[in-house]
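Here it is, the structure in full.
Note that the chains take the letters A, B, C, D, E, F, G and H in the order they are written out, and that residue 1 is the start of every chain.
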Amino acid sequence: MKKPEVAIVMGSDSDWSIVKPATETLAQFNVSYEVRVISAHRTPEVASTYAKSAARRGIKVIIAAAGGAAHLGGVLAGHTSLPVIGIPIKGGALNGLDSLLATLQMPSGIPVATVTLGSAGPVNAALFAVQILALGKPGLQKKLAQHKSRMKKKVYAGDARVQKDLA
Amino acid sequence: MKKPEVAIVMGSDSDWSIVKPATETLAQFNVSYEVRVISAHRTPEVASTYAKSAARRGIKVIIAAAGGAAHLGGVLAGHTSLPVIGIPIKGGALNGLDSLLATLQMPSGIPVATVTLGSAGPVNAALFAVQILALGKPGLQKKLAQHKSRMKKKVYAGDARVQKDLA
Amino acid sequence: MKKPEVAIVMGSDSDWSIVKPATETLAQFNVSYEVRVISAHRTPEVASTYAKSAARRGIKVIIAAAGGAAHLGGVLAGHTSLPVIGIPIKGGALNGLDSLLATLQMPSGIPVATVTLGSAGPVNAALFAVQILALGKPGLQKKLAQHKSRMKKKVYAGDARVQKDLA
Amino acid sequence: MKKPEVAIVMGSDSDWSIVKPATETLAQFNVSYEVRVISAHRTPEVASTYAKSAARRGIKVIIAAAGGAAHLGGVLAGHTSLPVIGIPIKGGALNGLDSLLATLQMPSGIPVATVTLGSAGPVNAALFAVQILALGKPGLQKKLAQHKSRMKKKVYAGDARVQKDLA
Amino acid sequence: MKKPEVAIVMGSDSDWSIVKPATETLAQFNVSYEVRVISAHRTPEVASTYAKSAARRGIKVIIAAAGGAAHLGGVLAGHTSLPVIGIPIKGGALNGLDSLLATLQMPSGIPVATVTLGSAGPVNAALFAVQILALGKPGLQKKLAQHKSRMKKKVYAGDARVQKDLA
Amino acid sequence: MKKPEVAIVMGSDSDWSIVKPATETLAQFNVSYEVRVISAHRTPEVASTYAKSAARRGIKVIIAAAGGAAHLGGVLAGHTSLPVIGIPIKGGALNGLDSLLATLQMPSGIPVATVTLGSAGPVNAALFAVQILALGKPGLQKKLAQHKSRMKKKVYAGDARVQKDLA
Amino acid sequence: MKKPEVAIVMGSDSDWSIVKPATETLAQFNVSYEVRVISAHRTPEVASTYAKSAARRGIKVIIAAAGGAAHLGGVLAGHTSLPVIGIPIKGGALNGLDSLLATLQMPSGIPVATVTLGSAGPVNAALFAVQILALGKPGLQKKLAQHKSRMKKKVYAGDARVQKDLA
Amino acid sequence: MKKPEVAIVMGSDSDWSIVKPATETLAQFNVSYEVRVISAHRTPEVASTYAKSAARRGIKVIIAAAGGAAHLGGVLAGHTSLPVIGIPIKGGALNGLDSLLATLQMPSGIPVATVTLGSAGPVNAALFAVQILALGKPGLQKKLAQHKSRMKKKVYAGDARVQKDLA
């Protein structure tokens, strides 16, 4: 694989199955990525080293997925000026409101752009990364337009299924 | 002003004073922008035309600020593949939880990257836009690094003030 | 079937099984309807065209069902002056609070009248549509009165079951 | 005034200043209305008599505004088949979440169509009533279209103000 | 059974299995009761007649169990000066917050005393009714004291089980 | 004053102005009461002694008002079989949701019957106590009926005020 | 086992399986503990006696686990100056928000230091107790450092697993 | 001042007036402290260096106060085995629920013991620190007992004030 442009970081490998669709979306757009398990609290030095060196290594966008007091995105954003996208992971308590707020409510000066809480989150984080990378890349722009078309067609197909069911 | 790269759209001009810090942040980084009042519900055709033509007109990032059932970001994102950043505006009811969820909880395929609910929101939306635009622009990268330095110094100054108060 | 008077629109055909009871309720009152899968974000042009032409095609009431950042009702309401009834669909996160608020909290001037979050929602949306259509139609009024009678009898039957269980 | 078509009922005259914009909206559309203070809990017989006789007296739509354990809409809806629109009034506690849920979460068979919690609520309830009454009345339909135009123009004016401020 | 002193009313017989423990608790204290399925919205006349006649028929305390926009307790309390105890029933949406607030947030002058949301609710409603009835009845007071003793012993037994598990 | 039948206990004298309307309501019904400041956490022994001796001293009903992690009602209820009514006091954070849940969510076997969060709470707690005391006392029953009449008249007067304003 | 330094108290033995990981964590650090089932409401005298005598018996830290209107930590803290750590137990309703707030929102002067709502709670309560006991005990400090190392290694191992899955 | 045993760290000097009561409480117990302004996101290296060196410098307990996505406590706890107490600071949005959850919901292995959201928080954090430091220090234990006595007396005085007001 070519040098990764998107870094997907998650706080625990137990989140891997939830986060995986993000990699599939990136692969669909032929965007290179790396995936890392780094904990904001258990491996904070790794987190800071990783974030500080990311731009130098060619990373353009960081996606951070975490649950509970989800600090991962914020910690990474504190060490880099790259755009950091946060995926709040829903845990066993409070329906995910905790990770949503801990990811989103960053103080002035250190944004973490947060995407959907729930199964749409990883896909949307990846798509948002693609949208960023597509700036100035007509090829990727075209793929995004095609993706929008495919989504339209899926809606049409869904509509057709319902019409059939009603007939 | 040079051709705008960032579009700031708000649902009502009553939000202008809240959103204004976003423009000040962009100006601070010498990033060109335009500001528009477009309502997802009252001027939906303007919204769709605006979003569809944005990329063509040179816009790179769209920032959408709205309150209540805050659909503006989502409506714009439905018509463009540009990155759309959402600022949830806190209204008179429910402490802003309504605009937060209406902005954030986008379905799979149409991300709106959401920033802080509260006064840090507009600044962070603008900074995130700058982070996106800085990819591949060493000048802007440097400014972001300087901004991080200035924030550090403000914290040091705050620390000094407290030490003085304690002495 | 005769020309539809009620339009039931949902954001995804995955909501069909949840929304179906609305059609059954309308059928029970012999009210004609059509069902469409239209996404506010994935097929926004279809949504605007559909809403704009609905009155012309004889539609009297639009029912919109969506989950998450449920913009469907609001988007349709932006393009028509027909009454739009919103059904918030409960998704996997936040217990449906997101779709409830995104459907209900419409700005001044563009109402979406929202019904129960939960399994009663589709039935109540359909009944509310019937109540609107029944204005000036004694036949439909009578059916609504009979429906109220049937509900009473179901409560009496439930009471009888409990008395029997207690005896 | 001609025979009222819309009934606006509120639980306490202390809500009158909040509810008044609903009457102004109806007057703007030349829709006749009556306003009553009826308490679901303090004057329940008045509530049931009122609701039962409303259709007979020519009322087409009932708007019910209440706060806290806002039962007014539900109580009226139990006694009539007319469409009942609920306005949740925000009180001193819980940011209005109580009245929102008590108004909205009606059981299957007895819908109360609920509008925006907050200052947009009374206006939107009135507009929704007008949308219902406009079915089959080209005159009112036209007024609704004009209202949509006026809203558009207000947005354009707001946009102009911001452009002027930016210039 | 002797003339009932406690009335247990529920909005639907589908709540019977949830409410049943209330009757078991009353039986345990040899307190007579009746159980009725009465809907605030579907059988409102039954509700008002029932509440108005309850005191005359010898009822001392009314327990009302309902879910969603749980108006049952409030409707009954509007028609009687007997103490009304509300049991909020958790439904499929919003984790029961809706029924909790709709039961509890009664306006000044019409109290509904609300008990635990969750499985402890029906038992606690019944116990609270017994506590009311026990005023001035030494026999019942004694039984309540014995009940407190039994609860203590259950805690001791639980403690013993844990000690055994640890040993 | 005659021997008190109702005990009003609050966790801090800073709550006195909020709780006072409860005493005014009791006085209005000529029900004797005592008011005490007792903290569940700061004076726990006083709390247990007080609750244990309350019945012996002639108290029939205990009203407990507290904010935050509002344990006062629960602590008193653990030491007595008298009915304990809880008034959740709204504090500076979380809109009173904390005291509401801490008062209401008692475990099986130890009910605290909770009344309205907000300004209606103290009045409703007192009224509920009167309703309990009125069992078997025709004089108090009559006063409660008169109170209901007065409330009706206030609603009629409110209605009249609105009609006058509309005329 | 040596004289216990940490007391783990839970409100019901039904919480034992949830709380057990706390004992396993303490055992891992060779910290002595005792476990007790004591109910704040059902055995309040045991609770007060236990808390008052805890320091005298050599207990250094009390961990209290309870659900619903979780008063246990607060009740114990009212009777001792030992540090009390609260574990909110998630019950069947409200997603655990009730126990979280009832544990945390203690009034000024009586802290209960609260740990994670959810499965991490018991482990974190135990670890926090160890951190307290480790003050001035280099042996325990070293074990804590080793524990941090082990956690790091687990993260590295998780990272390795993901890399393998990706390869 | 003698070598500090307690470190109070806040994310911004704008929180200083809120946090100050913590220092007053420590001073009241003659416990030495230092106060620092350190931002988890703006000065992350200072945060990690500070936390790593704290134990070596004689710090026994760290108190961290922050608002919004309050990561400060978690970041410090990731770098030290000292007990970290978190004070959630209520900001302008969401009533402080964001800082509460971001502080509390730490993952397994990295506890941050959280105290009251609201004005009691800083005092309780300081008191909890004193309770920790008092282990094995009879002098400090005695002061804590005296503090409990003073609180009792304040409650008695409050009770006396109310009795006087009632007389």
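Everything that follows uses one rule, which is that contacts are C-beta pairs under 8 Å (C-beta built on N, C-alpha and C of every residue); 3 or more make two chains touch, one makes a residue touch a chain.
This structure is a prediction, so every number in the text was calculated from the model and none was measured.
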item	value
D-F, A-H or E-F - pair sharing over half of the C-D contact pairs	E-F
Interchain centroid distance [CA atoms averaged], subunit D/subunit E, Å	35
Inter-chain centre distance, subunit C versus subunit G - centres from mean C-alpha coordinates, in Å	49
Averaged-CA centre spacing for the pair subunit H and subunit C, given as whole angstrom	51
Shared-contact residues (touching 2 or more other chains) in subunit A	12, 39, 42, 68-69, 91, 93-95, 97, 104-107, 109-110, 112, 116-120, 148, 151
Chains that touch, pairwise	A-B, A-C, A-G, A-H, B-C, B-D, B-H, C-D, C-E, D-E, D-F, E-F, E-G, F-G, F-H, G-H
Residue numbers on subunit D that touch subunit B, as the complex places them	90, 95-97, 116-120, 148, 151-152, 154-156, 158-159, 161-163, 165-166
Residues of subunit D that touch subunit C when the two form their complex	55, 60, 81-83, 85, 100, 104-120, 123-125, 127-128, 131-132, 134-136, 141, 144-145, 147-148, 151
Subunit H contact footprint on subunit A (complex, rising order)	11-12, 39-42, 44-45, 48, 67-71, 74-75, 77-79, 91, 93-94, 97-99, 101-107, 109-110, 112
Residue numbers on subunit C that touch subunit A, as the complex places them	12-14, 16, 23, 35-39, 42-43, 46, 68-69, 91-95
